[in-house]
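Right after this note come the structures.
In the two complexes that follow, chain A is the common piece, with chain B as its partner first and chain C second.
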Partner chain A sequence: MSNDLWIILIGSLASAACALVGCFLVLRKQAMMGDAISHSVLPGIVIAFLITQSRAPIPMLIGAGTLGILTAFATNALERHGRLQPDASIGVTFTWLFAVGVILISAFAGHVDLDAECVLYGEIASSPWDVWLIGDTDMGPRAVWILGAITIANLIFVTLGYKQLKLTSFDPEMAAALGINVTLWHYLLMGFVSFTTVGAFESVGAILVVAMLIVPPNTAYLLTDRLSRMLIYSVIIGILSAIGGYWLAWLIDGSIAGAIATVSGALFLFAALFSPTHGVIAGYIARRHALITPD
Partner chain B sequence: MTDTTKPVPIEVHDLTVAYRHRPVLWDVDVKFPEGNLIAICGPNGAGKSTLIKAILGLVPLASGNVTIFGKPANGVRKLVAYVPQRESVDWDFPTTALDVVLMGRYGHLPLFGRPRKRDKEIARHCLDKVGMLEFANRQISQLSGGQQQRVFLARALAQQTRVYLMDEPFAGVDAATEKAIVTLLRELREQGCTVAVVHHDLQSVPEYFDSVMLLNLRMIAFGPVETTFTTENLNKTYGGRLNLLTEVGEKLRKQQWNARG
Partner chain C sequence: MNTAGAILASAPAALPPWLDFFTFRDTNIRLIFAGCVLLGLTSGVIGCFALLRKRALLGDALAHSALPGVCVAFILTGTKNPVVILAGATISCWIGAITIDLISRYTRVKSESALGMVLSVFFGLGILLLTYIQKSGNAAQAGLDKFLFGQASSMLDRDVWTLAIAGLLMLAAVALAYKEFKLVSFDPGFAFSIGLSTRVIETALATLTVLAVAIGLQAVGVVLMAAMLVTPAASARYWTDNLGKMIILSGAFGAIAGAIGTYISYLGPRMPTGPWMVVAATVVFTVSLLFAPRRGMLAHMLQLRRIRRKTTEENIIRTLYVLGERHNDMTKTSSIATLLEFRSMNTMTAERTLDRLIARGLVQEPAEGMFALTPEGVARGARLTRLHRLWEVYLTRKLELAPDHVHDDAEEIEHIITPELEARLVASLNDPGEDPHAQRIPPALEPGRAI
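And now, the complex of A and B:
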């Protein structure tokens, strides 16, 4: 398989995995939790790296998962006991944890292959060369295996927990009254967001992973009135962004991750303008129509 | 009047709830008898919604306990259907009226189970009961406030329980919805269900309800409307804060006068 196709596959898997959990972040009005977690997993990754002295995926996922849940927990605690507004508590938590990560990298890991540049912007362009070797057998790019596993895990999580995720997002009080453990599902979601973030992290970086988590689900939100379709559409839009982004990057010889996020933003703008149900233009026509033919 | 051998649908004992060390409900003791339509009335901030949430286990109790049909509330809460305030959810959520009603079936489904054909039939039947079947596939943001309220009622009905707790179902609804709710309440009473409703419109209390609970941090009074919904009790509940009060008192006197005549 050519490197172009590997990169597109990696971008698509990262987008799909992010979109699946991102939909629920958006619906819970916790989009910024995605931003927070994608940054605050950094110290977890660095610590895992320092302990194992390798970029083995399992320790990294454990480190990131721990920090992700810790972020969700700390945010919640600051909001409850520190009497901070939700956005302020998110801002305090993740900037601090990210800063700790930056210090750890610069102090202990700066001379090895985990650098701040990679963390912020990712290195999807070189990921096809980072292959997984079993003995001497080339199993293909590591990122494909990691992101593929995360995508499948997210798919299973969203399918099995569909009912609970839906109800705890729409009406947490009703969910609690029915005996669904709302807190547990919140932290489960945050855990899956953390895993997803780490997987996508290496490829697209901490900043653009937020775009993958939030933008395709928001675009899908504008195109449908059903949660199940929103999930499917957001995955398709994420994959289209990856393909379109790769093409754009090739065209202008620029950053692939940046181009993927740019295309995904352009698709959002397109949906915001032209969506038949929620679009600006459809709304304008409907209002004009209502003015002409009042009922 | 109440059968002592039969467990009471809801019994609240010595209930105190506090937010940040400030009590919002103080030492409430009450039994909701079976087959009763109960209005929970009191001024803003009196703890009406908190009482409902405490019964449902949605807020931590500072002291006291709640039993449902004689059993500790934890674990049997599914026996109580809840109609939250309409503003408590985001109506832009990508889902349909039928989907929301199906959520009422979730308590009957296994952990990873999906709603089956029978659940969908029940949900459609419940939508029909509140006159909303034709809107089954409508996205919920496209419904009027009253229609949204009726969807919430249908969802509670879909839980197929015998106890209903409703938080201001009459708030800001149109006349058609108000009528639909009243019909539904009476139907539930005929089936022997117990319904407690947080209610703001004092004037309609004698018409719609059997019993009334007057609440203002503490429970002021609880009992049949005829004996409990008195000017004296209302004064105790609302203090002098309600201009409407004299009007209601007037109405009540007239009603009693008419009854005598």
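And now, the complex of A and C:
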């Protein structure tokens, strides 16, 4: 398979994995938790790296997962016990953890094969060369395996937990009344967001993960009112962004991850203007129509 | 990453570095120190308004959305002149702020989603432009990527001057429009009703946030600028309820964070200034969160403990009083076991509480393990019982609750009722002599005396 196709496949898998969990972040009005977690997993990744001296995926997932849950937990604790407003709780927690991550990278610059820029950009362009070898067999790029596994895990999580996630997102009181553990599902979702973030991290960087997590789901949110369709649409939109982004990056010779985010933004803008149900233009026409036609 | 330490390490030093810093004889140190302190001060002050308007994460989104502006400004002019970069960043932040507003107003997308989308898409566009510039082979671009994490050590004279002038103008704006900003932050509805244009003031506040972000880019970078707008303000909030004091404290906390960040990056040869500023600000935050008087967690815990203790004490006094009442003998002694039949608490708590009450002369222990109230204690018990029974009468008569439903509520309220409320109850109930269970309500011993 050519490198172009590998990169597009990696971008698509990252987008799909992010979109699946991102839909629930968006519906729960916790889009900024995605931002917070994608920043605060950094120290977890660096520490895992320092301990194992390798990019082995399991320690990294454990490090990032721990930090992700810790962020969700700390934010919640600041809100409840510190009586701090929610937005400030998020802001204080993740900026601090991210700063610690950057400091760790600077302090161990000689020992860490990570640099601060790669944290922001990701290295999707070089990922096809980072192959997984079993013995002498070339199994293909490592990122494909990692992101493929995460996408499947997210798919299983969303399918098996569909009812619980749906209820806890739309109507937490009702969910609690039906005996669903709302807190448990909150932390489960945060855990999966963290795993997804760290999986996508190497390829697209910390901040562009946020774009993958929330832009396609919000675009899908403008196109449908059904959760099942929103999930499917957002995965498709994510994949389209990856393909379009690769093309744009090739066109102007720039960062692929940046281009994917840019294209996903353009797709959102398109949906916001032209969505037949929730678009600005459709809304304008409907209002005009309502004004002209007397009831 | 190159840092202040690496550049400054070559300075001639007779003193050890940790001390030499404070002589400020190195112009570079003076410059960077002044820049970071000013930046911390300004963002601390501006951040207060964002925090109070519950838009603490706006700074985060705006900081990220400055990046494409920085790149476009460079593409158009080919220079890294601070004024040009500042203008580019400001315009770009502005477009970001307007986009957030438009998305949340004209589509059904929620505001925090709009924030996150603008943040990540603008940043993605910025990264795309940045890589495009880097590959275009323009030699002047070197160092443009320092806007990501900031590099205080690369600040030049002109950068610090730009920062100082912009910062002072912003502080002056806050001082001039203080009253208007305050009104809009706390009560936009009222501000509107007295004829203030909330739209203009909100725009002015957003502009100040944008400017604070723009001037912070070089020292702290787009990624961590959000912290300088949130963390000092959130820390200051724990110390005071007064906006003026909060602004001063927040500015001071920001300035301290700037100073500590500069100091650490001077000492540690590889230590970046911006992230250390954020860590320093977070340390200040943690201290505030834990130890601030009244709003801090420790103060809150102590207060809770005080209330619990007082409640336990009063419960024991009242139990002894009611036991005495039953035997028509206030000197009648009871054992702890008897007390525990009436009150669910563990023996240890009961013993400790009784010791405290004895020490304060409210309870006596005439025989080993047998307790009774002192005359002072009887007075206290009478008042508590009086409040308890008055409240029961109130609930049955005025709220028409069944007599067997009022005890638990009275159990809680008896610790809280003030003499003023007592007087109102007595007046509205025509000074009842008995409670709903036909028990005598003890008379007020000395009218008006709060026991």
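Throughout what follows, the second predicted complex is superposed on the first by the 291 of 295 C-alpha atoms of A that agree within 3 Å, B and C clash if a C-alpha of one lies under 4 Å from a C-alpha of the other, contacts with A are read in each partner's own complex, and residues count from 1 in each chain.
Going forward, contacts are C-beta pairs under 8 Å (C-beta built on N, C-alpha and C of every residue); 3 or more make two chains touch, one makes a residue touch a chain.
Computed from a predicted model, the values in this text were never measured in an experiment.
Asker: Looking at the overlay, does A:I260 come into contact with chain B only (first), chain C only (second), both, or neither?
Answerer: The answer is second: A:I260 touches chain C but not chain B.
Asker: For A:S169 in the superposed arrangement: first (chain B), second (chain C), both or neither?
Answerer: In the superposition, A:S169 touches chain B alone.
Asker: Please name the chain, chain B or chain C, that touches the greater number of residues in chain A.
Answerer: C
Asker: Please indicate which partner A:G82 is in contact with in the superposed arrangement: first for chain B, second for chain C, both, or neither.
Answerer: second
Asker: After superposition on the shared chain, which partner residues are touched by A:Y221: those of chain B (first), chain C (second), both, or neither?
Answerer: both
Asker: Once the structures are superposed on A, label A:I150 by its partner contacts, choosing first (chain B), second (chain C), both or neither.
Answerer: A:I150 contacts neither chain B nor chain C.
Asker: Using the touch definition from the top, say if A:A200 reaches chain B (first), chain C (second), both or neither.
Answerer: After superposition on chain A, A:A200 lies in contact with neither partner.
Asker: Which partner chains sit in contact with A:I8 here, chain B, chain C, both or neither? Use first/second/both/neither.
Answerer: In the superposition, A:I8 contacts neither chain B nor chain C.
Asker: Output check: A:L67 vs chain B and chain C. Expected answer is one of first, second, both, neither. What do you get?
Answerer: In the superposition, A:L67 touches no partner, neither chain B nor chain C.
Asker: Per the definitions at the top, what is the overlap between the chain A residues touching chain B and those touching chain C?
Answerer: 29, 221.
Asker: Applying the document's contact rule, which stretches of chain C touch chain A when the two form their complex?
Answerer: 1, 3, 51, 54-57, 59-60, 64, 103, 106-110, 112-113, 115-117, 119-132, 135, 145, 148-149, 223-224, 226-227, 229-231, 233-234, 237, 268, 270-272, 274-276, 278-279, 282, 285, 289, 295, 297, 300
Asker: Which of the residues in chain A end up touching chain B in this complex?
Answerer: 27, 29, 160-163, 166-167, 169-171, 173-174, 176-180, 221, 224-227, 229-230
Asker: Hey, which residues of chain A end up touching chain C in the complex?
Answerer: Touch list, chain A to chain C: 26, 29-32, 34-35, 39, 78, 81-85, 87-88, 90-92, 95-96, 98-100, 102-103, 106-107, 109, 116-117, 120-121, 205, 207-208, 210-211, 213-215, 218, 221-222, 248-249, 252-255, 257-262, 264-265, 268, 272, 278, 280, 283.
Asker: Report the residues of chain B in contact with chain A in the complex, numbered from low to high.
Answerer: These residues of chain B touch chain A: 53, 56-58, 75, 77-78, 80, 82, 84, 88-90, 93-96, 99-100, 103, 106-107, 109, 112-114, 139, 155.
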